[in-house]
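Here's the structure, in structure tokens; my notes come after.
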Amino acid sequence: MTVIIRAVAEKDKEPWQRLYDGYHRYYERPDLPQSFFDQAFDRLIAKKPGDFIGLVAEDDGKLLGLTHYTYHAHLWRPEGVCYLQDLFTAEDARGKGVGRALIQAVYHAADAAGVPSVYWLTQEFNYAGRMLYDQVATRTPFIRYNRPL
Amino acid sequence: MTVIIRAVAEKDKEPWQRLYDGYHRYYERPDLPQSFFDQAFDRLIAKKPGDFIGLVAEDDGKLLGLTHYTYHAHLWRPEGVCYLQDLFTAEDARGKGVGRALIQAVYHAADAAGVPSVYWLTQEFNYAGRMLYDQVATRTPFIRYNRPL
Amino acid sequence: MTVIIRAVAEKDKEPWQRLYDGYHRYYERPDLPQSFFDQAFDRLIAKKPGDFIGLVAEDDGKLLGLTHYTYHAHLWRPEGVCYLQDLFTAEDARGKGVGRALIQAVYHAADAAGVPSVYWLTQEFNYAGRMLYDQVATRTPFIRYNRPL
Amino acid sequence: MTVIIRAVAEKDKEPWQRLYDGYHRYYERPDLPQSFFDQAFDRLIAKKPGDFIGLVAEDDGKLLGLTHYTYHAHLWRPEGVCYLQDLFTAEDARGKGVGRALIQAVYHAADAAGVPSVYWLTQEFNYAGRMLYDQVATRTPFIRYNRPL
């Protein structure tokens, strides 16, 4: 398998949506409206500064995984930080290094952008993900609090 | 005590720095250079879009606490999210509602900005902070991973 | 304040029950029947091998706190381990070292029994307790699973 | 595969030791002396009241897994509790329900003993184990503190 990591492109809409829907189903958000996917995809394609960048993992013309990241300000680091928000590998493509390749690609993109600090959040019980994350990143003692809405 | 929460202003540099230094000492980052504080303060005063906003808690002319927050993109929420990065209350002003008032002020500012989703990260063992956070926010199961640098 | 830590005695029934009830209310188990307290107290007084031992903290004739511990087998340690199950300080006696003195007393009793390994479990969000525990013990990464009943 | 769960027997010493050594290596305790295994095995065979009971999972004459449990006093439950201390499946027998069958066997034994409350502790980052535990047990918010020795 030779996985290629590349920027998401207009032609990827359908397989990208299938993957992103799988991602949201994993987080128990099924039945998102089509407008949700349209809007997110348009933003990835628009490449507006400060907005999200999408990468996909492709093998033999098939999309196996995706990641979405952005940059934002950080008061202690003038160059800001890179926030990897979404990461997903198709179920039948797991265990082949797709997730790892996507994370590495974000690391490289962040270096190229001069913003080497990359972080992400994951649920404490995302065991499969954390098996990978423990190999390529450092678990911190930071936990997230949300305003109740 | 009548605490006023207001935007940080040029005249606050010295007491603001004392508070922000206390914050970094709490996180075991003592001896930060003066340039660190100069740069952070300049950014708070500059109010550049996408950069940090600073609020201070004042009582009878004395600064008792601070908070710094910013907005960043979120792929699932078109309006983005509000990230409350720093929160600190002077040690001799604890237990008087200063931290709570600062968080509430960020909530209100976020509402006014049309970005009601506010979140922050804290160390799992920040017991004193979490006693407050559990009252004004929701603990999530999300934990943070950092790229090793 | 000169707190004395001593074995629970027959005469302690009433103030002991008040403390133990406070402990169970903290864990959201109010309205336990009188038979529950009778049974537990009888066991502490009976001092049957393998059963629980009770200590109380007394100041000027008043009970301020309690702890209950037992010993049980451990397959890796021939001498077994000491399990500190209950620890409670009256609300108006907090912050005076009562909990610490009770834990230290269990440590000494365990040493005297030739079973130096002492452990206990606490809820992750027991912030007040953990402020103390972090000073006198080591947090482990072990979490508890229960059979659903 | 028809896995049989049965009490550990004298003839099992060699394969049992291989499994128990694998278990300790998982927890980064390699190179335990032979006396450690001799002593533990003797206790399992002796079946002394209050001491550990050992079960093994056998398939076609081969030992695939083990578990060791004991009973100890609990002040709130007159009948006591069942502590499942060790659980291990041979690496080449994973994913076949061996661990689950061993846990179920402990549940049944505990029921037969009139001590239905079964619990165990596991490291927060024991992802593979927790994938199973989340299916057969309830994660609690309890974490373990150890006396520093």
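The chains carry the letters A, B, C and D, assigned in the order they are written, with residues numbered from 1 in each.
Throughout what follows, a residue touches a chain if its C-beta (ideal position, glycine included) is under 8 Å from a C-beta of that chain, and two chains touch if they have at least 3 such contacts.
In this text the structure is predicted, and so the values were computed from the model without any measurement.
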Legend entry - Chains touching both subunit C and subunit D: none
Legend entry - Neighbouring chains common to subunit A and subunit D, by label: none
Inset, instruction - Between subunit B and subunit C, tell me the centre distance in angstrom, where each centre is the average of that chain's C-alpha atoms. - result: 39
Legend entry - Where subunit A and subunit C are represented by their mean Cα positions, the distance between them in whole Å: 47
Legend entry - Centroid distance [mean C-alpha coordinates] between subunit B and subunit A, Å: 27
Inset, instruction - Indicate the residues of subunit D shared as contacts by at least two other chains. - result: 124-125, 139
Legend entry - Chain-to-chain touches, reported pairwise for every pair that qualifies: A-B, A-D, B-C, C-D
Inset, instruction - Under the touch definition given earlier, write down the residues of subunit B that touch subunit A in their complex. - result: 36, 39-40, 43-44, 50-52, 68, 70, 72-76, 78, 83, 85-86, 107, 110, 116-125, 133, 136-149
Inset, instruction - Enumerate the contact residues on subunit A facing subunit D in the complex. - result: 124-125, 127-128, 130-131, 134, 139
